[in-house]
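What follows is a pair of complexes built around chain A, which joins chain B in one and chain C in the other.
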Partner chain A sequence: MHGTPRLTRLLPLLALVLLGALLPLFVPQYYLYIGNMLMMYAVLALGLDLLLGWAGQFAFAHIAFFGVGAYGTVLLQSRLGLPFVVSMPLAALLAGLLGLLIAFPAARLRAVYLALATFAFAEGAQWLFNAWDTVTGGADGLRIKAPLLFGRALGDDLRAFPFIALILALVVAATMYLTTSRLGRALCAIRDSEHAAAASGIDVRMTKVIVFALSACYAGIAGGMLTTFQSFIHPESFGFAQVVLMLSMVVVGGLGSLAGTLVGVLALGLLPEVLRTTMRSLLIWQELVYGLILVLAMMYMPRGLWGTFVRGKAGRKTSR
Partner chain B sequence: MSASLFSLREVSVRFGGLMALQNFSMDVAQGSIHALIGPNGAGKSTVFNCISRFYTPSAGDILFEGRSLLRLPAHAIATVGIARTFQNIELCRSLTVLENVLIGMATRIPGYFPFGPGRRRNAAEHAAIDAANALLARLGLLELRDVPAEALDFGGQKKLDLARALASRPRLLLLDEPAAGLRSLEIAALDALLVDLARNEGLTIVLVEHVMQLVMGVADRITVLNFGQKIAEGAPAEVRADPAVVEAYLGQDADA
Partner chain C sequence: MLELVLQSVASGIVTGCVYALIALSVVIIYKSTDVINFAGGEIVMLGGYLGMMGLVYLQFPYTLVFVYAAACTFVVGAFFDRVVLTKVLGRAVPGQSILVAMVIATVGLSYVLKGSVRLFPYTEDVRRLPPFLSGEPVFFGTVVLQPQDFAIVGICTFLMLVLWAFFSLSMTGKALRATSQNPRAAALVGVPVRTMRMTVWGIASGLSAVAGILLSSKLTMSPDMGVIVILAFAAAAIGGFASLPGCIVGGIILGVIQNLVGLFVSSRAISVAPFLVIMLILALRPQGLFGGAVMAKKV
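Up next, the complex of A and B:
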């Protein structure tokens, strides 16, 4: 796992970028919409997995940073007149900075206290999106002008698809790098035993702060992605239902595993489509179905789909 | 006797109304194996947790090479050259044996991100992996290096806990009941390893242990704790003959 990354590991990413460029030519718009959503959720879930799966920090503030990324990307363009290529990374950076700020108190909290404090933060952020209507448009939401990327307009599923695929490829590459670096190992050490980590010379607090900020940054990037294929954002997009969905994706796929998280995103992201076509009447119970899947996965598949069926056969091999 | 590398000076630890340690002093000579024994609840692990900076003493000082450890955060203790094992083995269960040893090398490969392209990116990492392989070979764990730590048997996990501690190349090693639960063949191997580390490599070892076979075999000096206070100190033969020690052990806690 550690050691020099083989170039072959980057091939799937190249394929993703190519697919992003080619698929819009012959795939119906609706499937491109699903593809965009899945790729955005993948970025969101990968960020959550860094915090939850790798570092073992049970924090719920992720959805708030998603909102900061989305509102930030739009507002930096409409209010400050910044171009999209600047506003999206800036909004992601802003989300990361906010993550850094809440990380300092959050790094002192454990287990259920951390969960409650970050949940309160997320609720507060949603309240702010709702109440600050002169800026966010309040409950009516915010209309998005199609962002311009080097003179070309994005703004719908067809045109945003190649861009979204490119961003996901970059984020997956970054995640591969981060998790195979010493940071990845430090995160696992903290998750499994803070005492052993500290006694081995790992700065537990600093490592937590770094992962909080990184994870928030991922959510901010996902928020920016959302604004490239939606024409509208509203506070409901950043509520509890989304938290349950993200959690389900990460837990069902397999905590602390990049491949597992992607599998979880595919499985739960496609579920509503499957329900829509086969069991229409079940669709209104979607939230309940997610909750049920989450509970069942935790009871019977604690290592997730990926961990249960793919890994587990043998340990990982370290080259050299 | 050579100069003391490490000393506790009148350390007291209070948990609410309970005095876990009371004016406890101890000097550990460079290159020696110093055992810290006493009945359950005597305060032995409390001493280790103070040295690791998980607890802060209410009074007293802890000196390593003349520097006070009390000014340092927990993660800096490994950096000054002190490593430890844990009574209830603390491993990163899902990581492989090798990865656990690499975690122990956190102080030797500083920084989080091995930047730079290709092979050179990982020069420090590769050197660390080579050193880890050598350490695992010494402890007989090399064949299991790609196995998750949780898949090891109890003896294997104990060894890995020790390997992780040794990985930082410490000058002071704190062992918290390394022989507990081991079979006598494994204890003999541990005995030989500790003696080799101290005599041939100059490592200083503080050993908390209930297994007297190990303590009497390897310790140069023994300190006995009871109810948070030192009741005896000296060479193994002296301590064994001390009436206060006999009473502490046989009077209340015969199983030790």
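Up next, the complex of A and C:
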């Protein structure tokens, strides 16, 4: 796992970018919408996994940074007249800076206290999106004008798809690099034992702060992605239910593994669509099903779908 | 103006007592199992709906309803610990925090409970249980209190006293405290640690259920009322997640703060007050308002 990523590992990313360019030509709009959603969730989940899976820091604040990214991208365009290519990275940066700000007090807190503090922060942020209605449109939501990318309008599933695929490919490449770098190894060391990490010369506090900010940046990017294919954002999209969904994706897929996270995003992102199309009357079961999946995954698959799969394969090899 | 302030303080104390009860249930679970129970609010909600079921379908009298809801949730809590948490504990994966796994399991439980309650008819609307004590309101100068308010404070105080007596006088309570201080040492002197953990989860859930009925008769009930747990977290944070008297005081402080914020700032700011309390306390005094120096937990 450790070492610089080999070039062959980048091939799937190239395929992703190509698919992004080609699929919109012949796939129906509804599937493109699901694809966009899944790719956005993938960026969110990868960011959360950096924090939760790699660094072992249990934080709920992710959703707030997602909101900052989305509202930031829209407002920078509509209020300050910045072009989309500037406002989306700027909003992601803003989310990262906010993450940095939160990270300093948060890095002092351990495990459960951190979960609690960031939970409060996330709920507070959602409250702000709701209450600050002169800027965010409050509970009525905020209508988005289709953003322009080098003169071409995005704004719907068809036109945004190639762009979103490209962003996901870049984010995955960045994650591959990050997790195999010195920082990635430092994160694992902190997760396994803060004391041992500190004893081997890792600046625990600084590393935590950096990963917190990075993870916030990911969420900010995902927020920007949301504004390219939705025409409307709403405080409801940044609530606790979304946190639970992201958490389930990371946990069910497999903590601390890129492939695992992507598997989790696919599995749980498609679940509501499957429920909606095949068993419309069963939609009321959705919350119950998600809860059960979380509980059962914790009980029977602590390594997640991917971890269990990889281990099963390794187990067969050694037994032979 | 003074009358308004006094009135808000008085009714803040009443709801604060209920928050304190929920905070107690969160803290006793945290102290004995290190888990923050994110399903705490949903157990409160379940208690409220069990109360409604007892009153409406089973036609129980109110006193019996309290006992019945507490008994049902006792089973739910104990069952969750025995079946789910024990399994999660036993499946530790190297390089993964077991606490994270357990907390996520409680988040899962909260969704399971909310989802199951929604499956029943008549849960889609916001409802309210009938008051369990009616009669003439009582006047203290300009402050008006309903008889039910006294009953709420009375029930909460009674339960807190029972809890105190249980933990400090009874053998089981002492065993529970031993378990929470050092499970291994407790096991060595013959305390059945597993049973103790189950008992704590059961007792905590029973307390939450009573709080649920009290809340649903004073305020309103809906499947989403579980968000109330944030108030309990804030109250527990004031007590440093360690001190039981601290979290009772914390609950009452929060009830009063909520009402005063509603009076002086705006009614929209009420819901953000507990988040601010949690963040401020965790950032500035993680040991709680009443805690001494920070105590290092076992590494």
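Methods note: the second predicted complex is superposed on the first by the 309 of 320 C-alpha atoms of A that agree within 3 Å, B and C clash if a C-alpha of one lies under 4 Å from a C-alpha of the other, contacts with A are read in each partner's own complex, and residues count from 1 in each chain.
Please note the rule applied: contacts are C-beta pairs under 8 Å (C-beta built on N, C-alpha and C of every residue); 3 or more make two chains touch, one makes a residue touch a chain.
Because the structure is predicted, anything quoted here is derived from the model rather than measured.
**Student:** Return first, second, both or neither, reflecting whether A:210 touches chain B, chain C, both chains, or no partner chain.
**Tutor:** first
**Student:** Could you tell me if A:247 is touching chain B, chain C, both of them or neither one (first, second, both, neither)?
**Tutor:** second
**Student:** Could you say whether A:274 touches chain B, chain C, both of them, or neither, answering first, second, both or neither?
**Tutor:** neither
**Student:** For A:115, decide between first (touching chain B), second (touching chain C), both and neither.
**Tutor:** After superposition on chain A, A:115 lies in contact with chain C alone.
**Student:** Once the shared chain is lined up, is A:22 touching chain B (first), chain C (second), both, or neither of them?
**Tutor:** Neither partner.
**Student:** If you stack the two complexes on chain A, which partner ends up touching A:256: first (chain B), second (chain C), both, or neither?
**Tutor:** both
**Student:** More residues of chain A are touched by which partner: chain B or chain C?
**Tutor:** For chain A, the partner with the higher number of touched residues is C.
**Student:** In the superposed arrangement, which partner chain does A:196 touch: chain B (first), chain C (second), both, or neither?
**Tutor:** It touches chain B, and chain C stays clear.
**Student:** Quick one: is A:185 in contact with chain B, with chain C, with both, or with neither? Answer first, second, both or neither.
**Tutor:** A:185: touches chain B, not chain C.
**Student:** If you lay the two complexes on top of each other, which residues of chain A touch chain B in one and chain C in the other?
**Tutor:** Touching chain B and chain C on chain A: residues 188, 191-192, 195, 256.
**Student:** Mind listing the chain A positions that touch chain C in their complex?
**Tutor:** Its residues touching chain C are 52, 56, 58, 105, 108-109, 111-113, 115-117, 119-121, 123-124, 127-128, 131, 188, 191-192, 195, 244, 247, 251, 255-256, 284-295, 298-300, 302-303, 307.
**Student:** Could you pull out which chain B residues touch chain A in their complex?
**Tutor:** Going through chain B, the ones touching chain A are 52-54, 73-79, 83-84, 86, 90-96, 98-99, 102-104, 106-107, 109, 111-114, 118-119, 121-122, 125-126, 129-130, 145-148, 151, 164-165, 167-168.
**Student:** Mind listing the chain C positions that touch chain A in their complex?
**Tutor:** Interface residues on the chain C side: 30, 34-36, 84, 87-88, 91-97, 99-105, 107-116, 118-119, 230, 233-234, 237, 241, 268-269, 271-272, 274-276, 278-279, 282-283, 286, 299.
**Student:** Enumerate the contact residues on chain A facing chain B in the complex.
**Tutor:** Answer in residue numbers: 1-4, 181-183, 185-186, 188-189, 191-193, 195-204, 207, 210, 256, 314-318, 320.
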